[in-house]
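Following are the structures in question.
Paired with chain B in one complex and with chain C in the other, chain A is shared by the two complexes that follow.
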Partner chain A sequence: MSVGLPLEAPTVSGPEEGPERSDFWVYLARKIGAAIVSFVMLLVVGFVIFSLMPSDPVSALTRGRPTSDAQMNHLRQQLGLDHPLWERFLTFVGHTLTGDLGYSYEYHQPVSTLIADRLWPTLLLMGTSTLISIWLGMWLGIRAGWRPGSALDRGASAVSLALWSVPTFWLGLILLVVFGSGSVGGMPAIFPAGGMQTHGTAGGLAPSHITDVAWHLVLPCLTLVAVIFAQYVTIMRSSIIDERGNPYLLTARAKGLRDEVVRRKHAVPNALLPSVTVIFLQIGGMIGGAITVEVVYSWPGLGYLTFTALRIPDLQLLEGTFIVFSAAVIVCNLIADLLYRALDPRVRRQ
Partner chain B sequence: MSAPEQSPARETPVVEKAPSRLVPVGRFVVTVLRMPSGLFGVLVMLAFVLMAVCAPLFIHPSDLSVTQATGPLLSAPQHGYPLGTDPAGRSVLLLVIWGSRTSLAIGVMATALTMVLGAGIGLIAGHYQGRTGRLLMHVTDWFIALPSLPLAIALAAVLGQGATSITIAIGVTSWTGTARLVRAQTLAVEARPFIERARALGATDTQLITRQVLPNVMPLILVSSTLTVASAILSEATLTFLGLGDPTSVSWGSLLNNAFMQGAVTAGAWWYLIPPGIAILIIVLGFTLVGRAVEHALNARVSPR
Partner chain C sequence: MTLNEGPTRGLRRRRSVAALAAAALAAAAMMAGQLAGTSAQAADPTTLTVQADTQMTTFNPFLSYYDGELNILGAIYPTLTMLDDTGTPEKYLADSWTTSSDQLTWTFKIHPGLKWSDGEPLTAADAAWTFNLIMHNATAATSNGSLVANFKSVTAPDATTLVIKTKQPQANMLYLSVPVSGIPIVPEHIWKSHVSGLKNYRNMDFPVVGYGPFVLTGFKTNQFAEMTANKDFFLGAPHYDKVVTNYYSNSDAAAAALTSGELDQIGGLTPAQFNAMSSKSNVMTYQTQSSGWTAIEINPGAKTRTGKPLGTGNPILSDIRVRQAIALGVNRPELVKKVLDGNGIVGAGYLPPGYPQFFWKPSPSQSLDYDPARAKQLLDQAGYKMGSNGVRVAPDGKPLEFRLGIHSDDATDAAIAPYLKEWMTAIGIKLTVNAMSFDQLNNDLAKGDWDILMDGWSTGPDPTYLLSIQTCGTLPEDNGSNGNTDAFFCNKKYDRLYAQQQTQFDAQARAATIAKMQSILYAGNADLILFYKNGLDALRTDQVSDYLQGAKQSDGFYPLQHGFASWWKAQPAAGAASASEKASEQSSNAFKWIGLGVLVVLVIGGVVVLLRRRTAAERE
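This part shows the complex of A and B:
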């Protein structure tokens, strides 16, 4: 019933009054089914955008390069453009499922290799920023929601609104010009201006390399945190406000517990449950920010790869990153759905 | 036959009375303007629209031409150039003012497209509650799950550089929220007796949708569109910054793209980077505040406390 309803709180429909366990398997199967449907739809959209919409993929591919007719025809055959549409779609699906995302004529490498190489920097950047944002957002959200209308609450909302109204990449540019360029108002370049490591240093797990990468991570991470932490403030705030009216808090207070203990030990654990799943649902929104931040700081991840592909434009590479980004979101939504049920026993018993 | 299948009134509060049309509108505008945030937002909107419309009166094409500019190259604010100049010697102030034209135009066009798509799909999904409605909502929910920037990038890249492809890319990636809102409101409206009356009098589906449901859904579309303009301007800036815009036209996104590409960061040219971003911040804030104020005023009308 709720196929493809990833953003709504998952509804548990249990017409069968069976034991809890079999109910769980039904739920699991339904959610995985929904994710598979989403993935198939994603493949259809990817195929429509990248294979049907360009009037001639071959000339788009060879734009700006001298190519003879014979070469063009050879490319057409190589890409299977002389086959009927359904056959092309099936080939495309088959290739994608086996991890073959095409070949980048710009980099002279398979797209999947390129993406695999750039995956780690993006995961590092997004993971670090998400963790810091969650911590900061929850810290602020809990305090703002506990006393709605207080100075802290109003301040947090104002800051969130202002940061929402600013393009992510612009915030990155400003931080970069102030802290990374070393040419504004005599301010020294505290942080590196881009990239992931100092040029010419060896990689590996040497401590010096790790601190070098961490040093390069500061500004991009700060930019992303500034833009995304507000979402977690909002989520946590409303979640705490929902809990505030509950009678069990009155009981806790009646026992004579201090306000802070009531908040920390009684309200927060309950308010956390719904928030945890929402965090996974936010990943899709984060990807956009990650792309522009990577561009501003030349962070060698998937977003920067998309940007370089865009300038050529290398459609096969763009298609590959599009599918990887979207598939990641589908997986995160699935995790959110499953966590929601695993974490909150109240949902199971509804 | 005209059974209101469910009672979805729980989803969205129902507007109780809809008396004469113009009096409540006037009162409503006053309510919005009385809120400080609403007044601020409306003033910002008016100021920017005025600026965009009047720009050709005091900006000559030669001021914007890369080859005919007369100012010093990439210099800090000075006499005659209050916000400094860009690497071609053009005044940043004039560029930012001119940029409001493209940015606002794309923002409004993309919003119009979003509203037509979103409201259309929402109305149809809410009115035909059977298989059609369910299918449409599945498509909507599925679209919500797609990451919007990668999708917009993919679309704009395939459609080619330019304002049209950016507008389409924004429209295609942002209609889903409106569709859900409009569907919920349509369900609420359709459960009310006057729809049954109209049906009994022989109104067709099209008449029901356009004459009965649409006017009642309109306020919601209004709120949604104010908020959508804000996010559309942000998306426009992002897509143009990534190089998907028309390279010859001046917009806030393309200014930032030029600044970034031409090394304003390494040169420490803060005067070239800050103004376009501040302009985006103010206009987005303005539209968001108006949207929230209108939403607030509507809710106050719906459920007076």
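This part shows the complex of A and C:
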């Protein structure tokens, strides 16, 4: 708490809250300012990275087709690739600031439309797998950390670290072949090999469509959970171990509380903070999708969209997805910072 | 907080675990029920489900480039002619055609009485309008502009007559409007309102108005396209009610989809996938002739159109004897064996075996087959002495060290490179392998900044374009722009023959001229064709029959296959499961296995709970 500030509006929340509130606005302004600076920098970096890529999208697009010089030049003009770099940068910044993310010359659609179309599949896949990973990872991490060295601890640590070390695309392919091909050990195919829906099923909110999508979701989700949950196990486990020796737990036990209650009511809330950071980083990165998993399972999300854009390369689409992904991370970091302040009084006092 | 709180919550939790397990079982049952229900409700049309060759982003035929889109467009829009099993043009919209004595005017008689899928008449005026749009609108020329570059005028004097006048005689006229690789004809009454916004129009107002064996009725980006049969197709109704092309972003997923029964046909398998499928009783694996080649190109001395040297290519390679020695030093049969697992043909001529009418092989006396001893002898005779470090040096003291550019994203290139390096070392040439992106490699190529590069091309049934990229006219201008050359090859005799074949209306005479051109290219050794990679495809014989077009050839390979003919002529196999039966079976499997999984989890959970109960007192 800063001591130099006058105590204002004492009648509403007590004399202590005035300066703290004032501090909050300064804190918020500082964090938002930093987020804006980060965003401007990523605009420049995003443009420079993709512009410096040695590429000729027109020859990539027309590869293998009989295309004359005149046709190729016309395409370059249409795509704005014949303009000088500085002019393209100014156009890019101007368009971005007005919410126009450009036009994909591979998909013949505005980039913002493409991103909006792919947002839901990505959020569904990443959201489901992140939630399951958080729940499973923390559930295991809490119990493993509470009794370090136990069979559960050893098992959970070994399994989660082994899965964490496995390349995602490799695990995805293995699960695909085992559960999606019907060619392993006589086991029939029980999940689809790819895509998000079976052709011919009704769309919208029809129950058959929902179950069909859920059916397609199982393998990609399982792959992601297997890889992601380990980080929650390890973070939660080490946080719980740190808390175990604290005197307040002894006090709780002295009150006669059961071991489970001591863990749940006292140790876990204090051990949660490091996980909050990871959760928000994960949520920020979530919007980018998981490129490898989306590509392995042909899941029509944003990660897969970025993958296809890289092949041409579809510069405006790449720039657009880069901006959206980075902005999501910046916003989530900002939220995490603010939440940290709310969760941990020590941050407020700094 | 009370002391009783713990046990109470614990009980509640166990209840909630039980409720969760019940919910999971119910969800699994519901999922299986819904999936089975979906299939039971279906009207059960026969559906052929195949893999899309590429992703699909637009069905605007004026803008399309991807094979996945072109295959669809070939099935939903008509063309003047189509190709038979041997790749020879035959009638489609045009019942017949004639040429004027000066070979500059073509008159096509269009089949009368046809109607677009919306009931409007399909006439020669639609064809004339389509060609004129491509000729006069730069955006409409995006995909197929080069095909009408020699057109002077196109008119439709009446509903069944189409007249095309050309600036120069054009021998490949009958290949210009064929399904997939040629110009599709679109309905004027639909498209005239889209001309102003052609650049952004994706043609996805379903059902898409067209004419062909199928009508495009649905699409999901990067997932699938659905076509419904046109049972009134005047050349014969398709046997399937629907054709669906599914897109998979990786070939392992597509292969899994074939074995699981989601797909009926798949192409582009890797040798490993192909071999793995060969043992399955309900899958037929087959190889198709190649429509392209893999080669190395050797910089013969990059120059502009006016003969100005260009780039940083090693000048030693402009010596034809060095290029011949390299050709003699490459063991092409070994590459086919090791890199392709034997699934290909040893390379030689410039045009691939998929088009037998143009396939050419060098005579034994001309052939530069693997002969490292002869390669060394040739280099010795040319004055390239072996250096102390095993690398030969030119008479001016410069070593025979060359860069080999390969595509960093191409596994075949990566597999070939070590062999080339080893074989060149054996004859005293050092190669340094540079893996580059496709774009970087192309940029270096255009600027002449290369020594040896991996190269690959495929062609449609008319080879004019592939032949054109070896003409002097495709060299860049002095400022480095507007070049479209493949390997900076330039030979006046070749150019004369190129011009000649364009005017030869007699197919055999044209093929003979093209053979001479290939002989010149072979002798030039700027493009060293390593092999022709066979198409490795597979088919579910328990699901589909009559998919393959043309007879198996003496070498065991099938002719090139085209989606247009295969989809149109394929039939459901006797006893084939319908789409609903397949879905029902898979959902039943899913139910069994999910149920089993949930049961296992419940048993393990129960054991854990029991154990924990027993040891609860100790833990307290």
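FYI, the second predicted complex is superposed on the first by the 280 of 350 C-alpha atoms of A that agree within 3 Å, B and C clash if a C-alpha of one lies under 4 Å from a C-alpha of the other, contacts with A are read in each partner's own complex, and residues count from 1 in each chain.
By our rule, contacts are C-beta pairs under 8 Å (C-beta built on N, C-alpha and C of every residue); 3 or more make two chains touch, one makes a residue touch a chain.
Remember, predicted model here, so these are calculated numbers, not experimental data.
When both complexes are overlaid on chain A, the residue A:214 reaches chain C alone and has no touch with chain B.
In the overlay built on the shared chain, the residue A:160 is in contact with neither chain B nor chain C.
By the touch criterion defined above, A:295 reaches both chain B and chain C. Of the two partner chains, chain C is the only one touched by A:261; chain B is not. Using the contact criterion defined above for the overlaid structures, shared-chain residue A:193 touches chain B and also reaches chain C. Of the two partner chains placed by superposition, A:223 touches none, neither chain B nor chain C. After overlaying the two complexes on the shared chain, residue contacts for A:108 are found with chain C alone; chain B is out of touch. Look at A:307: by the touch rule set out above, it reaches both chain B and chain C. When the shared chain is aligned, chain C comes close enough to touch A:67, but chain B does not. Taken together, the two complexes place residues 53-54, 173, 176-177, 180-183, 193, 295-296, 307, 313 of chain A in contact with chain B and also with chain C. By the touch criterion stated above, chain A contacts chain C in their complex at residues 53-56, 59-71, 74-75, 78, 106-109, 117, 173, 176-177, 180-183, 187-202, 207-208, 210-212, 214-215, 256-261, 265, 294-298, 300, 304-305, 307-308, 313.
Across the complex, chain B meets chain A through its residues 138, 141-142, 144-151, 153-155, 157-159, 230, 234, 237-238, 241-244, 256, 259-260, 264-270, 273-274, 276-277, 280-281, 284-285, 288.
Only residues 3-8, 37-38, 41-42, 45-46, 49-50, 53-54, 161-162, 164-171, 173-174, 176-178, 180-184, 193, 284-285, 287-288, 291-292, 295-296, 306-307, 310-311, 313, 315, 318-319, 321-322, 325-326, 329-330, 333 of chain A touch chain B when the two sit together in their complex.
The touching residues of chain C, when paired with chain A in their complex, are 1, 3, 5-7, 9-10, 30-31, 34-35, 37-38, 41-42, 47, 49, 55, 57-58, 60, 63, 65, 138-139, 141-143, 145-147, 149, 199-200, 202, 220-224, 226, 244, 246-250, 252-257, 259-262, 276, 280, 437-440, 442-443, 457-458, 464-465, 468, 482, 484, 579, 583, 585-586, 589-590, 592-594, 619-620.
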